[in-house]
Amino acid sequence: MLKQFTLAQLADVLAATYQGDASHQVVGIAPIESASQDQLAFLDNPKYKKHLETTKAGVVILSQELAQFCQSNALIVDNPYFAYATVAKLFQREKQFSTGAHPTAVIGQGCTISETASIGPHVVVIGENAVVEAGCVVGDLCRLGDQVHLYPRVTLYDGTHVGARSIIHAGAVLGSDGFGFAKHQGQWKKVPQLGHVIIGEDVEIGANTTIDCGALGDTVIHNDVKLDNQVQIAHNVEIGEHTAVAGCTGIAGSAKIGRDCLIGGAVGIGGHLSVCDNVAITAQSGVSKSIKEPGVYSSTLPVQKDKKWKRTLARLNQLDKTHERLKQCEFAVGELLMREKAESEK
Amino acid sequence: MLKQFTLAQLADVLAATYQGDASHQVVGIAPIESASQDQLAFLDNPKYKKHLETTKAGVVILSQELAQFCQSNALIVDNPYFAYATVAKLFQREKQFSTGAHPTAVIGQGCTISETASIGPHVVVIGENAVVEAGCVVGDLCRLGDQVHLYPRVTLYDGTHVGARSIIHAGAVLGSDGFGFAKHQGQWKKVPQLGHVIIGEDVEIGANTTIDCGALGDTVIHNDVKLDNQVQIAHNVEIGEHTAVAGCTGIAGSAKIGRDCLIGGAVGIGGHLSVCDNVAITAQSGVSKSIKEPGVYSSTLPVQKDKKWKRTLARLNQLDKTHERLKQCEFAVGELLMREKAESEK
Amino acid sequence: MLKQFTLAQLADVLAATYQGDASHQVVGIAPIESASQDQLAFLDNPKYKKHLETTKAGVVILSQELAQFCQSNALIVDNPYFAYATVAKLFQREKQFSTGAHPTAVIGQGCTISETASIGPHVVVIGENAVVEAGCVVGDLCRLGDQVHLYPRVTLYDGTHVGARSIIHAGAVLGSDGFGFAKHQGQWKKVPQLGHVIIGEDVEIGANTTIDCGALGDTVIHNDVKLDNQVQIAHNVEIGEHTAVAGCTGIAGSAKIGRDCLIGGAVGIGGHLSVCDNVAITAQSGVSKSIKEPGVYSSTLPVQKDKKWKRTLARLNQLDKTHERLKQCEFAVGELLMREKAESEK
């Protein structure tokens, strides 16, 4: 059932030129840093060109401009991210839908599984004394540790792992597709999201919280992390042990949050950045650069009476001009002082 | 089964006075700009008085003060919005609840419908090769195009249309009532939400995203729009083709977003405004006025160390006073310079 | 079935020392202000020491340092909040899961209950003409008033009360555990959330909104409150009559919101504070202190063109230094003016 494609076959699908061994076979996809000989990788951003020197990928999708730096077999295309989206679709597992409830799943002793829960038809493993309440949906290839508790209407997409003793509250969704699209001729092309969600042990996840699966690789929530209600975790985020995240906070793709952090409510954390261990962030703040030193960070903006706030806002919008005026004023004062000094020294 | 009421009957229900033809019949409700002879409209905000000159509405609900400008049949009341709420309830379709699963719906070839999904008892049409996963609820009069994929536990309220190939992730809710209430004697009166949600083709909608139905008229998401998780779209919003909206963003009622826009995560967009095509808005920004020029817009406020931020905030709160001090300082310097010049010219 | 423990038994469980009557029995837990002779309370924050003078609690968990001020029976521990979490677990009701649909619930005349809804096995009472749509989950000991309407997939955890005529939209979750954890030796310990959610009459709750149960005592939404979609209400919040809260707003634990307030979208309200009656808060604002005067409050930050905003932001980050520079400039001008005056008086 393993899907495999030769370099020549892929070139054909993509209408791409290629360099290297036409008969080289790949059986999967991985990030360029970790891909092996039987895997395909892609390189879109020239910033990561250096990976071409060390990658072990069997095939790399890249642009003409970067092809010269590539020692591996290569597929040469105009838009590598778009081409990757096309190839990734080839490798996507075909889903068979279960329309019943309890199937061939391996369910541990002492479990309580609601009759209205749906358990995927493939190899699902549920640990001992787990509870799956009404209306839950557990996809194929999911694994739930001992004493996991899914409150009503939790949805686990295929391949989600939940560690022992973790608690997931009603309406939470784990493993939904990451928000990945490649623009091509003015139209969005969906980039298949091939990774999964891996939840550690003793994690608690709040009601209606959402955690997307990884694009490639996984979204990982480590042991003893606590997420409040309506938190949104994008693809490939990683959250370190014992970190707590309050309600309504959103963490963008590939952000890496350290251990023992306290993230306030409604905080926004940008993508592709990292927050070190032992950081606290106050409510409604925004993180748009990596944080490399432990401590408390903030951009919380508390209310004032509306009338006062409107004046403050007007002044804020003039701030650049105000600064210029201050500079001119300082300059004039400096001149006055100099002339006064010159006068007194006469 | 069509509901119809004469002007005199409606005046009776509302204990209103009226002007015009007591026997004139209306069979529905529409916005004042588009209402026809057999429809009723209302006018609450004097700002829209000009519509009275051109409206074709069979009956208009309005205040005494505006009645003189109305050529149509009119219902004259103290609080037109409250009276509208009362009348709208008369026209609301009575819902019959299905308590089973698969009914008389017209379901295309090759569809996969979970046994735990609920499909409304009235005329539901589902296109070919559509997938409706476990726990979904598809209300009456819904239409799903070919290859639509509803992941588990999606809820479509009555009358929702979803175009071909669109994907809706787990827990999303489309067509819930807009947030519309009229205050009357200190108490909220629910304004029936009579419109629907219309989703174009190739749209993707993230997990636990919510889209309210229109109050009158519809909430419209055009082709190839991509909405991330936990986005909130209020009643009568319209989003143009190819626009992408990142997670946790909220768009208030009747806002009109253009094509090819990129809206960052946790952005707030105010009601009754428009954003033109090709606008990008950075994460956590707020839009409170219409945007009429393409470009990048921002009010993202990134964190600082808390100690520094507290000082910045203190200064921000003094900004109006600081500005005043700068003005006085400039004035004093101006006077000094003038006197110095006068002195030197002596 | 009532659980009861003597002071000595509890000391044993906690490995705590105690003072007072070893055989004194308690049957439940309550806040220190309201606990009675047969209830246990805890005191963690020395700020609330004064309650020791007046409490009627049968047993108080506290630290060695505060034990001298305690007239009641006391359990003396290093970390009172952690010890409380342990004891609270002893008193938690053991849940029996229903795996079927309709049970022994008392259901009023004229109700419409979907066959795919799950109704808890214990004493549930549902009023007349209530509607419970597909996929809803109604936990044990819930009470729904007459004409309550639960749209599809609403989840009510055990013990939730919903007053007459209230409407709850799809995907909303009421009664999920509050976000309460005690840190102990670097690990989070779950603090059992023992309270409930109490919803008044004529309340409307939007799609995918979440309301946590109280930690001790209840989370209370009073009559005629209107909550939009994706609102998050933390444990022990109280919201006064006729208040309306727009979408995506989050209210942190134990905040108390007054009557007739209008809270805009995506507002953040901090924990343990109060907002008085008749307050309006504009969208995306943050409330971090109690508001004691009616009026409009704001910290909404509207977008500018990104280029201009970046300059404004740079100036904002220098604001403290700018202020210092203005002070020096003013000082220099003051000196110049003084010397000029002295000169002219010569």
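To keep things simple, chains are lettered A, B and C as they appear, and every chain counts its residues starting from 1.
In this text, contacts are C-beta pairs under 8 Å (C-beta built on N, C-alpha and C of every residue); 3 or more make two chains touch, one makes a residue touch a chain.
Please read these numbers as outputs of a predicted model, since none were measured by experiment.
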item	value
Superposition of chain A upon chain C: rotation angle, C-alpha, nearest 5 degrees	120
Copies chain C and chain B - interface residue numbers shared by over half, same or different	different
Chain B and chain C: spacing of chain centres that average the CA atoms, whole Å	29
Chain A, residues touching no fewer than two other chains	116, 135, 153, 171, 208, 230, 248, 266, 300-302, 304, 316, 319, 322, 326, 329, 333, 336
Contacting residues of chain A [partner chain C, same complex]	112-116, 131, 133-135, 151-153, 167, 169-171, 202, 204, 206-208, 224, 226, 228-230, 242, 244, 246-248, 260, 265-266, 283-284, 300-307, 309-310, 313, 316-317, 319-320, 322-323, 326, 329-330, 333, 336-337, 340
Residues of chain A defined as touching chain B within the complex	97-101, 116, 118, 135, 137, 153, 155, 157, 171, 173, 176-177, 179, 181, 186-188, 190, 208, 210, 212, 230, 232, 234, 248, 250, 252, 266, 268, 270, 281-282, 285-289, 291, 295-302, 304, 308, 311-312, 315-316, 318-319, 322, 325-326, 329, 332-333, 336, 339
